[in-house]
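Note that the chains take the letters A, B, C and D in the order they are written out, and that residue 1 is the start of every chain.
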Amino acid sequence: MQIGIIGLGAMGAGVARNLLKGGHDVVVWNRSPQAVETLVAEGARRADTPGGAFDAEIVFSMLAQDETIEEVVVASGALDAARKGVVHVNLSTVSVAFADRMEALHAEKGLAYVAAPVLGRPDVAAAGQLNVLCAGDPAAVAKVTPLIELFAKQVWPFGDKASRANVVKLAVNFSLASMIETLGEAGALADAYGVEPAALYEVMTGTLFAAPAYKTYSALIADARFEPAGFKLPLGLKDVRLALAAGEAQSTPLPIASVLRDAFIEAIAAGDGAKDWSALAAGAFRRSARKLG
Amino acid sequence: MQIGIIGLGAMGAGVARNLLKGGHDVVVWNRSPQAVETLVAEGARRADTPGGAFDAEIVFSMLAQDETIEEVVVASGALDAARKGVVHVNLSTVSVAFADRMEALHAEKGLAYVAAPVLGRPDVAAAGQLNVLCAGDPAAVAKVTPLIELFAKQVWPFGDKASRANVVKLAVNFSLASMIETLGEAGALADAYGVEPAALYEVMTGTLFAAPAYKTYSALIADARFEPAGFKLPLGLKDVRLALAAGEAQSTPLPIASVLRDAFIEAIAAGDGAKDWSALAAGAFRRSARKLG
Amino acid sequence: MQIGIIGLGAMGAGVARNLLKGGHDVVVWNRSPQAVETLVAEGARRADTPGGAFDAEIVFSMLAQDETIEEVVVASGALDAARKGVVHVNLSTVSVAFADRMEALHAEKGLAYVAAPVLGRPDVAAAGQLNVLCAGDPAAVAKVTPLIELFAKQVWPFGDKASRANVVKLAVNFSLASMIETLGEAGALADAYGVEPAALYEVMTGTLFAAPAYKTYSALIADARFEPAGFKLPLGLKDVRLALAAGEAQSTPLPIASVLRDAFIEAIAAGDGAKDWSALAAGAFRRSARKLG
Amino acid sequence: MQIGIIGLGAMGAGVARNLLKGGHDVVVWNRSPQAVETLVAEGARRADTPGGAFDAEIVFSMLAQDETIEEVVVASGALDAARKGVVHVNLSTVSVAFADRMEALHAEKGLAYVAAPVLGRPDVAAAGQLNVLCAGDPAAVAKVTPLIELFAKQVWPFGDKASRANVVKLAVNFSLASMIETLGEAGALADAYGVEPAALYEVMTGTLFAAPAYKTYSALIADARFEPAGFKLPLGLKDVRLALAAGEAQSTPLPIASVLRDAFIEAIAAGDGAKDWSALAAGAFRRSARKLG
């Protein structure tokens, strides 16, 4: 099948490779040419414009934020250049309001829009083991699901309103951020009494909190190993901000998310903006004038 | 071995039964006589006063809070009636300051004090599968560990300062409360956009948050099944308050815990004081004028 | 002098009348025609488009929010229709980012932009007694100051960068919102112990807090007199949100503002969205399951 | 009249002097003898024990906190040594629960207890211009009011339940702390955009917030003049903690107070524990990695 791919960051490139491996005709576009060269060397074709990638049956996009998608997909005219009947699968984490706007805009232009934000870091994408939250027009979803399965461990359906998949993604990332801050505060409390945070985390992940997220993040926090970043701290702030905005639009206060937002901003002010978002946990130590790690 | 047990609530009774099963000579005291009768029928001996239970080699206490222990163990004169060389193992969740005071008081009187707060609900205690956080004088800890193992799945050592085990316990319960509130807020956000909280929780517990605590509590929350209470909401408030007090004593702010404290108080004001602490999650729905379940 | 006025709500109309009284040639535009008729009957001229109001020496705009100004002043083409050399004085409360964008856009088009957000309610505007926070190009500010003085009690200069006046306005409104919530919480605490909130407020405004804002708002709160709204609750939410956004853009967390944002959202969910923003204070009573007033 | 005074700190000494000036027979007790010497030189008599000061018709106490009063007035046996019919006027800021306990204890012993916490700093006490919040048995209040008027600008009655005066005092101090933090955050926001905090405060105190508390504290904050301390930061934390505890006892959450509590703790961790509580405002700057002043 002819597949367009827009955005070849670490996540998008992993997706592209799995589609290539699946034997598909993949045409790629990326802002910086380096990533395009690499994929072309692996068998992809190059699109000179975003619109070129929309000359396909199905298009996947994986971009950083609303504004980038607005610019690359909408303002560039790519949607107007799209092949008739194309299904656009947006893998990016976007705001609920933007997902609604995209769904409406595609409908106006006679195109199908599927929201399919993913759970998993770049290594998981490369391994084709992402968890994919998926919502949109049922026929379109049915059409793209076999392709998504080439890079997914599991596809989680959330009905026919695209933005619902985005709400779930934001709720999950908010929960991760809450876990990170909570591990930081619990660790700082333990540390204040001479208990190594790692010893506390060992109990937690050995008993009630024996989950992948707790194991991964508590190890990063206990070692203060925040670089290289798997997911940069300002992206965490962005997702919490989007969760808060989605809540506000439906008159739903999220007091924990508000605390997290302040903590992210404080972490950026403290100079941790280039680090992994697990560095959020260092704030609990900083506020008590101690140092994590 | 001669073992005293003070406090035969659901947790203490489970501990007592496992010690009886281990073939020990168990003497029990409880404020209300009913629980004593039951244990006596199962082979325990009755103590008429707390001091009577301290006429043993090792004493376990499992009481609700600092004030109760102060009254039953200290003000009653039980410590003064204690057999020489007794080791007192306090399984209760107490404040850090109280643990320090108890340790000092026992030392003054030539007694050994071991803090051994537990993780697990009454059914886990009955099954002898508790996780026990343990700290205190090394010789005393060594002496009581084989007995603790009669009701523990695992003993987690935290060194020779008793209160460290209590800090860890408070940090774990704080983490659980944070998880409950976060599940509530994430669920309310999903619900506001037409996604069933249960569907969100299924993704979470099927992927990053596949941990016992998340599975147990998200099911209770999704079904709004808050009665009967496994752990009453005001006890959750108490533990968060103790975590905050411990933080304050070491100049360690815990902003997430502060939000939880307010949320617990609000839940009690809303009439949920007799429910399980998982009812905390209903607050996120209440604040947005919707109803959970 | 020829003066254009865009936006004839309660505030804008008050400004327009004071300029008419000052003997100026005032041309007005408003979305709904009713307000235009009234002003025309009082001596103003009608502009059929926003651009018509920009055919003047100085233009004042007083509109509800960024989006409205974007639409009315920018998207309508009014700036392109502006008379050469016009000074646009924006009295509206806008975001810092929008003020920066407006200043740059005016500069591009060779126009002068002055930010002049105001403190005071409609009756104060009518009386010509507003406090006006003013910033922008010094020559432009000098030119418009005598006109502003026709409706101001005092003009407070904040230098040559327009958005600084907007930051100050947001900081003041944030401070007012904080005062309202604090009065609510302090009142709820007093009420919980049988002290009338009014009795507490009497001490406060009779001693340390003897300020106009405290006197006005504590009276509204004590009487639960939230209608008619002088400044609607969602506008208070908007201003706190803009303060938070301005803070975030400069890595400045504002934890009190975060609590206020949640409280505003909760008040809207509780059905108080059409009331005065002083109704925020009712939340402190609601959270403790009591009722204010 | 024979008047006992317990506690000769800066506040208590001011009260004592005004009573001496009023021509009364004043007998004083203080833990450290220096302050006693000074007052004796001014005409007071020395009591060798707290009980000695209770050999009077009316006793005023002004001590730092619940624990001190418990020790000095209760544990010392002073109440048992009290002259029959004595009225004890407690000027200290104590917890609501402690006030209730003291009232009951005095009643048991046939003594009268009046709560009369004060508003004002040492210089105001010296000038005899305190605002005094007063509650307790009406006959006792009537008897002591003429004496209180010797050091008060105004006496504010709050009925016959003593602890109500204490609730009001805590509510006022909570409001002051909220004002300080809000001034800090508003100032940090302004500063982040190049506006001097002093310029913002000038607008505020020149318009809506023209109150003594705002004028006094905004000047201290703008100049970062936190020493010498008029009221030390940990005392501010104590009062906010007491307000939170009073709220919790009546199921009344105080989310702003929770934020303040964390901010106070953070300030102490940052090394500001010996400074005036207005140093709380520096936290807003610290969190954004800037410096106040």
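Simple rule for what comes next: a residue touches a chain if its C-beta (ideal position, glycine included) is under 8 Å from a C-beta of that chain, and two chains touch if they have at least 3 such contacts.
For each chain, UniProt lists the protein as follows: A, B, C, D = Dehydrogenase.
Since we're looking at a predicted model, the values are computed, not measured.
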item: Fewest hops from chain A to chain C - one hop per pair of touching chains; value: 1
item: Identified repeat of the A-C interface (over half of residue pairs identical), from B-C, B-D or A-B; value: B-D
item: Chain A-chain D separation of Cα centroids, rounded to whole Å; value: 52
item: Intercentroid distance (Cα basis), chain D paired with chain C, Å; value: 38
item: Residues of chain C whose C-beta touches two or more other chains; value: 247, 251-255, 259, 262-263, 265-266, 269, 287-289
item: Contacting residues of chain A [partner chain B, same complex]; value: 96, 119, 131, 133, 154, 156, 158-159, 161, 163-164, 167-168, 170-172, 174-176, 178-179, 181-183, 185-190, 192-195, 199-200, 202-204, 206-214, 243, 246-247, 250-257, 259, 262-263, 284, 287-290
item: Residues of chain D that touch chain A when the two form their complex; value: 255, 262, 265-266, 269-271, 287-289
item: Chain D residues within the chain B interface of the complex; value: 237, 241, 247-248, 251-255, 258-259, 261-263, 265-266, 268-269
